[in-house]
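Just below sit the structures, each encoded as structure tokens.
Two complexes come next, and they have one chain in common, chain A, joined by chain B in the first and chain C in the second.
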Partner chain A sequence: MNLRFRRLISQVVFFFSANLGFKIEGIFPGLKTGFCYPFFYCHACPSATAACPLRAIEIGVYEGKWNWKLIFYPILIISFVGVISGRGVCGWACPIGLLQRVTGKVAKKLKKKQPFLKKLGQHRLEPYLRYLKYIVFIGLVVVTPILVGFMFTDICPVGYLVGTIPISILNPGEFSPNEFFYIALVIFILFIVLIFTVERGWCRYLCPIGAMLAPFNKVSKYQVSVDKDQCIHCNICSNEACPMGIDVPNMERDPECILCGKCIEACPKDVIKFEGR
Partner chain B sequence: MKKTLKNALVITLVAGLCLSFSGIVAAVDPSYEEIIVSPAEPPRLSEVSFSVDVTGENIEEVRVIVEECTAQICYPDLRNESMTNTQGNTWEGTVTLIHDDAIYCTTWLVIKSDGTWYNFKDLRKEFNLSIDTGNGDTNGGDGNGGDGAPGFELILLVISLVLALFIYKKKRRR
Partner chain C sequence: MKKMSVVQVALLVLIAVSFGELVFDFSVYEELFLDFNIYDDVHDTIVSTLCLSCIKLDPVSRLDFVFETGNGEEHPEFVWKNLTKGPLFIEYRSDVCKACDDMAPIVKDIFNVSFEKEETLYKLVNYSGLNIHFYHINLDHASQAQKDSFPIYDKDNIKGVPMFVVITVKYDRGTIKPCYTAAYGTLGLDTDEERRDLLIDMIDDGVKLYEQNREGYKYP
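So, the complex of A and B:
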């Protein structure tokens, strides 16, 4: 079984396990746990099995209340998976990663057809845009809930996608929009545009869970390593394969690496491999 | 002496006028400062108590409105319950939440004073529903846990799976 197929199976399994909260009267009661997702998913989803780690942190710090249990619980869960696999969760488990697996193909085709998008991806400022996710995490998940009571999850595009839209469809006409609805709608449209134009655009630039997991790539048990002595610098891994746009031959435990293994499959010399400490 | 008395009289008159005017204003516009929600972050489907100090004259009825919301939308079936005047200006009431997928609620008062209803939707207060990781009653949870561990048992499951994978790999290498 090749790596791509194994990853697809893993993503599908995690997608279903994240959505076991639905009820079928008399048949299935719905699995609702006290767990926080270690990836990006929303508890507003009608079939959500667990809670959103970001919302837990936000409520934990909300207006300076400092509910340490709610702050540490998601952080410890994410740290645990981070220490083992770094951002491997983004590549192998996250349902939004699965979504971007589909949209990434469109983004790749668009990049070939539209030179503008290719230039945008190679712009000298592009690496700095990747710091946006840290700003989103610290700014909107931690600082604004403390200072002004504004929470990122109120305008979260993933909440809109898996919460607001399905709930509205399942219960037509039963809801009224709140004050964040239209802002969230605009952000959701931008999110869709982003993931259809930049491969893994959400993971690269904006995902707050990715921001939490990224530093663990430096210490994680599993990583992708390159035998630099044997590398012929054909750059197939970087230019053709890597969905995160990493300079693979020169990477050393890169915080952006999602351990998807596409570079491993693409390498003609087999000098890239998964490595466990 | 006569001048001092005259001044005192003028001051008393002005102060009296001001006080009576503020009294008239208070009588016209009932108001309240903050609705106290108990518990502060209630679980889904639970009974929530509300307490508020209402100022104004001839307060005939106070009703608490609760709107349950999820993600960026809110249920239109607002809870509208009557409050009772427990002591002085304090009014108290309870509302039972009815939606098992709500994430947060907003609440405000509707006050009847001198036969007129005043809706204070602009003063609405938001409160979150609990993500309590200790008793199985998270926003993802169903509230039936109560064994002090839900969530953590899944961590144990993950740890055991990872350990099993290591052992399996080691055995294969041998």
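So, the complex of A and C:
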């Protein structure tokens, strides 16, 4: 079984386990746990099994009340998977990663057809855009909930995708938009545009969970490494394979690597491999 | 390479001990974590409660009074008992809830009561010459019996807060029984004035039903 297929199976299995919360009257009671997801998914989804880690942190810091348990709980869950596999969870488990696996195919084609998108991806400022996700995490998940009670999850595009839309469809006429609805709708549209135009655009630039996981790539047990002595610098891995736009031949525990293994499959010299150390 | 393994093992041990402490309360860090079960807390207050701001929607309020409880359970004891003296108004909320914060001043003003948001309050208030049992229940700090009453009155099975409930009595096939209505969030309305008017309509309807049927109500 090739790597691509194994990863697909893993993503599908995680997608279903993240959605075991639905109830089938008389057959299945629905599994609602007290865990937080170690990836980006929303408890507002009618079939959600666990809580969004961001919401738990936001509630923990809300208005400076410092509920330490609610702050540490999701951080510890994410730290655990982070120490084992870094952002591997992004490549192998996150349902929004699975979604972007699909939209990424369109983004890849668009990049080939629209030279300006390619140029944008190679712009010298592009690497700095990747810091946005840390600003989103610190700013909207920690600082604004403390200072003004405004939370990232109030306008989260994933909450909109897996919460607002299915709930509106399943309960026609039962709900009306609240004060965050329209701003969340705009952000949701931008999110859709982003993931259809930039491969893994959300993961690269904006995902707060990606921001929490990224530093763990520096210490994680599993990682992707390149044998630099054997590398012929054909750059197929970077230009053709890597969905995160990483300079693969020169990477060393790159915080952006999601361990998808696409570069491993693409390398003509077989000098890239998964490593557990 | 060895150094990295030491770092990884040290981090995993630290994470495992802290996580065990959080979930199972080993009391290793007693001072910091006190006696508090995080798993149940996340389950009850995040996963099983629909966060109206996460879905960016408010339930449309239908203010019909019904007998059938939200989860099919009986009305709690305190409701049966209190109905002998007047209808009940219950405001359910949680600590972190923008809509709850928006609605609290309206409720305080209608009933002329004051409370902190973390507080759980019961008061017998006078409303248009009639006693109303006023409850402000913060689900993050409420007793188990109060928490258990939340799904009973979750009329539309929304599981969302704030939830405003009026419980009164009404005629049903030969007997006078408890009935109730519930409204959620900012009631799907834009201004405080509209929200206030709707809450008052809801309470007035409950009061009217109570006045019409109180004579026939018997506490079992």
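Throughout what follows, the second predicted complex is superposed on the first by the 277 of 277 C-alpha atoms of A that agree within 3 Å, B and C clash if a C-alpha of one lies under 4 Å from a C-alpha of the other, contacts with A are read in each partner's own complex, and residues count from 1 in each chain.
As a working rule, a contact is a pair of C-beta atoms (placed from the backbone, for glycine too) under 8 Å apart; a residue touches a chain by one contact, two chains touch by 3 or more.
Everything numeric here is computed off the predicted structure, so don't read it as measured data.
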| item | value |
| --- | --- |
| Room on chain A for both chain B and chain C (clash or fit) | clash |
| Partner chain in contact with A:T33 - chain B first, chain C second, else both or neither | both |
| Contacts of A:G159 with chain B and chain C, given as first, second, both or neither | both |
| Which superposed partner A:P127 touches (first chain B, second chain C, both, neither) | neither |
| Touched partner set for A:A56, first chain B, second chain C, both or neither | both |
| Touched partner set for A:E174, first chain B, second chain C, both or neither | both |
| Chain B versus chain C as contact partner of A:G139, first or second or both or neither | neither |
| Of the stretches 9-17, 27-35, 45-53 or 171-179 belonging to chain C, the one that collides with chain B | 45-53 |
| Chain A positions touched by chain B in one structure and by chain C in the second | 21, 32-36, 42-44, 48-52, 55-56, 59, 62, 69-70, 73, 77, 80, 84, 149, 154-156, 159-160, 163-164, 167-168, 174-178, 180-181, 184 |
| Footprint of chain C on chain A - complex, ascending | 21, 32-36, 42-44, 48-52, 55-56, 58-59, 62, 65, 68-70, 72-73, 76-77, 79-80, 83-84, 149, 151, 153-156, 159-160, 163-164, 167-168, 173-181, 184, 219-221, 277 |
| Chain B - residues contacting chain A, complex | 41, 69-76, 101, 103, 106, 126, 128, 131-142, 145, 150-152, 154-155, 158, 162 |
| Residues of chain A that touch chain B when the two form their complex | 21, 30, 32-36, 42-44, 46, 48-52, 55-56, 59, 62, 69-70, 73, 77, 80-81, 84, 149, 154-156, 159-160, 163-164, 167-168, 174-178, 180-181, 184-185 |
| Chain A partner contacts - residues on chain C that touch it in the complex | 1, 4-5, 7-8, 11-12, 15-16, 18-19, 22, 32-33, 36, 38-48, 50-60, 95-96, 98-99, 101, 156, 185-186, 188 |
